[in-house]
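Let me begin by presenting the structure, written as structure tokens, before commenting on it.
Labels run A, B, C and D following the written order; every chain starts at residue 1.
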Amino acid sequence: MSNQSTVITSAPNQPEPSPELDALYADFEANSTAPLWTQTSDLMPEHPKPSAVPHVWEWAKLKKIAQRSGELVPVGRGGERRAIGLKNPGLAPTAYATPTLWAAIQWLGPGETAPEHRHSQNAFRFVVEGEGVWTVVNGDPVAMRRGDLLLTPGWCFHGHHNDTGHPMAWIDGLDAPFVHDMDFGFFEYGSERVTDEATPATSRAERMWAHPGLTPLSHQESTVATPVAAYRWEYTDQALTDQLALEDEGYPATVEPGHAAIKYTNPTNGGDVLPTIRCEFHRLRPETRTAPRREVGSSVWQVFEGTGEVELDGEVTRLTKGDLFVVPSWTSWSLRSESQLDLFRFSDAPIVERLQFQRVYLPETGHYLPGSRG
Amino acid sequence: MSNQSTVITSAPNQPEPSPELDALYADFEANSTAPLWTQTSDLMPEHPKPSAVPHVWEWAKLKKIAQRSGELVPVGRGGERRAIGLKNPGLAPTAYATPTLWAAIQWLGPGETAPEHRHSQNAFRFVVEGEGVWTVVNGDPVAMRRGDLLLTPGWCFHGHHNDTGHPMAWIDGLDAPFVHDMDFGFFEYGSERVTDEATPATSRAERMWAHPGLTPLSHQESTVATPVAAYRWEYTDQALTDQLALEDEGYPATVEPGHAAIKYTNPTNGGDVLPTIRCEFHRLRPETRTAPRREVGSSVWQVFEGTGEVELDGEVTRLTKGDLFVVPSWTSWSLRSESQLDLFRFSDAPIVERLQFQRVYLPETGHYLPGSRG
Amino acid sequence: MSNQSTVITSAPNQPEPSPELDALYADFEANSTAPLWTQTSDLMPEHPKPSAVPHVWEWAKLKKIAQRSGELVPVGRGGERRAIGLKNPGLAPTAYATPTLWAAIQWLGPGETAPEHRHSQNAFRFVVEGEGVWTVVNGDPVAMRRGDLLLTPGWCFHGHHNDTGHPMAWIDGLDAPFVHDMDFGFFEYGSERVTDEATPATSRAERMWAHPGLTPLSHQESTVATPVAAYRWEYTDQALTDQLALEDEGYPATVEPGHAAIKYTNPTNGGDVLPTIRCEFHRLRPETRTAPRREVGSSVWQVFEGTGEVELDGEVTRLTKGDLFVVPSWTSWSLRSESQLDLFRFSDAPIVERLQFQRVYLPETGHYLPGSRG
Amino acid sequence: MSNQSTVITSAPNQPEPSPELDALYADFEANSTAPLWTQTSDLMPEHPKPSAVPHVWEWAKLKKIAQRSGELVPVGRGGERRAIGLKNPGLAPTAYATPTLWAAIQWLGPGETAPEHRHSQNAFRFVVEGEGVWTVVNGDPVAMRRGDLLLTPGWCFHGHHNDTGHPMAWIDGLDAPFVHDMDFGFFEYGSERVTDEATPATSRAERMWAHPGLTPLSHQESTVATPVAAYRWEYTDQALTDQLALEDEGYPATVEPGHAAIKYTNPTNGGDVLPTIRCEFHRLRPETRTAPRREVGSSVWQVFEGTGEVELDGEVTRLTKGDLFVVPSWTSWSLRSESQLDLFRFSDAPIVERLQFQRVYLPETGHYLPGSRG
């Protein structure tokens, strides 16, 4: 944000310069005030004009840089995490991916532990490859495996430990930029070791909550964030496979032809897994193109498997496994698959929707989707 | 309900009989009116005094009578279903199980079809034994197998067909008494044959919706009733097994010691599967007794497996596989298992709770559960 | 409800009579069961076929009979209230107005007190004429005046006392039939005198809550029932006057041309005043006719002022001040005014809507209103 | 936000400097990434550490500067509004009052018109003195008078015109900083003249909606923002007067002793008037001090009448009529009145609460209020 309260402005119909006007503008400054008429079009543009830019990060490079960090930088109390954030070039000097979202690659070497802490910020991890780390959330060890989504809702204690002889990398997503810029967050240190070093295949939270359509009668309150600690790949894969098969059979199961997608949900209320972050998984059949769309709100995508392209406001970039890209608000995006293309996505859609700013536009047809609001 | 507007009443502090009073009471009748003071205590008792009575039906007898019906009574348009309702002795001449709930055993012979129709009444089926029938709900064939809960929300077309050479029996549950007595219901005939005679192992609805915590991005509206056509036994069994294992490991997972239970839920909103009917499944470890409890609202239970006893307002009845019993409102109930005891339950709790009459009382401790309301 | 499990039935396609069938039907009875196929069309008719009938009560007659009760019947503990219920001729022997609603005229003589009690049943009073009684709700004295709606949500203690030298009559509305038949209700005696005999013009509840769009910051929870003890006539009258004036000015403010109407609402959530009862007030310009409509659910109306007619399933009755009439579920109703016609209405719409049975049909156009559900 | 991805950091336990580390840090930059371990404590502090600072603006000075603007700066298309924003010294170069809220004094001279436009940003106006301007919201002219709160929810067309021979000033509040920084906003020009130049005492929206507890039966949907265009001073004043009188009579009506307060609400759902902004009005008895409190989220206050002091993180400033002050997130605030002290407040509490970051702390007792969340 670079509004400036100065006489020089691009806004039309400004008053004629004069010594009296100069004196007035000086007094604005002296009195901690600023005129709206010099900045209306910057502050309230006709449509979102993000400072954040579309950007693609190659997984191969990210992983290499993470590996070097693993060699040079210890993990422990103070730095807390060996996480390397995706820094949107338009948002320098911050290391934000978008105005609301933080995205990072985290690296944990053989036998290492990232100490426990908790914070208001909501977080998740998604695993594009590897396994062998357990994230311990409020004392419950949760195995991390390829394709899994692991949740750490705000104010849950959490640490990670690598139980194997090889390093592991994954991505972290948080609402840290939003919470920082809104001044909403708290942070607290926890145990330096994880509080439970067991390495079960299934967490206790999953055993309580990850049964389809079944909830424990002893826990019937709606919760702010999902109680499901891990959404396992096998279920995601099956759901997408089923959607495409149903489409083949002639039933309306996909978002658009050849494009299957699921939303990860909180079983206590059917809503998003986190109060500020939506998580989705998308699958495109080979040689499929999605209709370009502009949406209010920003998102980050990671290719899970396959190859293809993404077009962001007209610029095309080729994608391969693990690559990440950012879609700022109101940026037109479209995907094209070569092989079958699987992608994980997270976004700030719950912020957009809970505060009633939702608007989705399809440029090729000129239509707004239902529920769009000005 | 048998209130009578007559001078003779058990209510205290009634006016002295007199010719003028007799004339007044006659004029009440003549003007389609009735005094409250003669009937307050019947109309508004100190606590619920149901006409419905606790009752147990033996599965062996029910099944036999259903089998004889199968031999003597055709199934088809007009009668619609070869269903035999559980008739609460306190609610004669109706065939209601409780003031809100209908419960029946349905019998379908080899190759038979129960024709399609739809109604405002919400319905489900639960299978205590057997398989081979497909219930076709809005054109989607849903296999019925032991332990499965199959849903037919209000106004969905549905029919059943037996694809095998042997008969099959199951129980039906509906809110038909409630809908009838409230005058809320509509009914419409459909196809005489089921509209899809395919016999898939898994319904389309399950392929869309029965993935734990995952919902299709193309269908994101909250629905009045669950879109999951079938809740399969394998998941229910696993959820209960996990709860008891977690209890063994020291975590709070059960309703009370040795008593695991799940609620079947609508994944679009985390609520009940039907707007008027709650469905649950309970498992007691061997030699376990549940704390007696009184609840506003009525329920029907069926033993799925195992042996034990139920105590209803002090009267104990032995239970074995398939037996059904009714718990009227505010009746004290307690279960005792011999072996591991598995039970399916359905109740009118959504009516009670949505209209804010919930109250749960534990007679042994004299406490009301949180949320209880007068 | 008069279903009978007997071989004689009007349902089509019944089995051929035979000794075996007779034996089977006898065994149904002996085993507390009943076949569905003999009663489908009674239990689940094509559309609601209420036992309740449309009926009109003349206020002049009701008031006279209430006055005679005032002379002959004491009011006090035991009988509790000198209330005379409107007894729907189709629901004998009960004194129900509809399957869900109780409606009564209550009479309180000079200086009399109706003792305090509380019950799960939700209640209100509406005053068609007179004043001078205070209803004391949870210790808060609430003045009753012509045109006011006074609320007594479930489980609030309440009593009434007449502070004047003349008698007063009003109508009571309760969900007592519903609560009785569902077995949901509790009752408790309170003080024989009202707990606060003050006679303020405005209740404390109104001073806290009856400011338009303003709620106390100290009480920000949504409440089950409205915290507003009294909705005063002056506001109702003004709202209706404004709607008709806006219609005159060309703005969409009325339900249909010449027909203004308000819903009384709970300011904490914008919903109905009671969890089971909706209250409305309607005003028709002179010489106005409302479009006939059929609705799921039942209601009771009282003429507040003016003259006109009501047509109920084709039968026309003339209406004058104070007259009451009942509209059973799915009965076609239409109003016609001579003078300006003001009417109070209460209904079981919250039961219908919270349990998802809503359906509204306009016979003249053959359309269902949006939100109608089968 | 001033995070910097550099080797120099205040975070503890950083890796030893080395040429390899320098190379790594250079490669972070080159690859649009940044390490978390150098910035954890800035990005995720122990508690909110706002860049925004507490600040007080004197009304007398603001009004003078606005008056000079009225003389030098025309109002019209392009600049759109003669509004002078309160510029938080900690948030330079922006003209934001807080990270979420814009607050400005707007000045409209005799006969002037501020042209119509609409935007996603939610807005309101509050009048501390004067009258004579009508704000026209979606074609509905709304008179502005001392003590009134006037609403302009997102995407409603609105313009203002001064119908008198004297200028008028008021304050505007918007969620413009939030909408700008999140990239959520749209803007559209409308008519250069207001679309209805009538000057009624009461708007159509008020005639439809500003009746206590009464809503039009023709408009029963819950709306995103309040449909009440104006909350009039007479009702606010009465509500506060009543709360203090009730407190005198011994009833719990106030927030704390001597401190009355109301929340302006949306009558369709009982929630906030705008999806992002909460509006309140507070009254302190003479010589009253409020308990200091820290809250997540920021707010802006204006003194409406009376004198007193505000203490913001220990710094005391005297307040008189019209003065404005900003309370950043987690800043301790306490008010002290000399005379009776009336204050208007608006805040981003709906953002905080809908996204589940609420936390309120009372430093003097060391307690968190119920509902506080980490």
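In the analysis below, a contact is a pair of C-beta atoms (placed from the backbone, for glycine too) under 8 Å apart; a residue touches a chain by one contact, two chains touch by 3 or more.
What you are looking at is a predicted structure, and each value in this text was computed from that prediction instead of being measured.
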Common touching chains of subunit B and subunit A = none
Farthest from subunit D in C-alpha centre terms, which chain would that be?
-> B
Cα centroid separation between subunit C and subunit D, in whole Å?
-> 43
Cα-centroid distance, subunit B relative to subunit D, in whole angstrom = 52
Averaging only over C-alpha atoms, locate the centres of subunit B and subunit C and give their separation in whole Å.
-> 29
Can you list the residues of subunit D that touch 2 or more other chains?
-> none
Chain touch graph shape: choose line, ring, star, complete or other and state it.
-> ring
If two chains touch, include that pair; go through all of them.
-> A-B, A-D, B-C, C-D
For the subunit D and subunit A complex, residues of the former touching the latter = 1-5, 11-15, 18, 20-21, 24, 27-28, 31-40, 43-52, 55, 57, 61-62, 65, 68-69, 72-74, 76-89, 93-95, 99-100, 102, 104, 118-121, 154-155, 176, 179-188, 224-225, 275-276, 296-298, 328-330, 348, 350-352, 354-357, 359, 373-374
Counting only contacts in the complex, subunit D reaches subunit C at residues 204, 207-218, 220, 222, 226, 228, 231, 235-236, 238-239, 242-243, 245-246, 249, 251-255, 261-270, 273, 280, 282
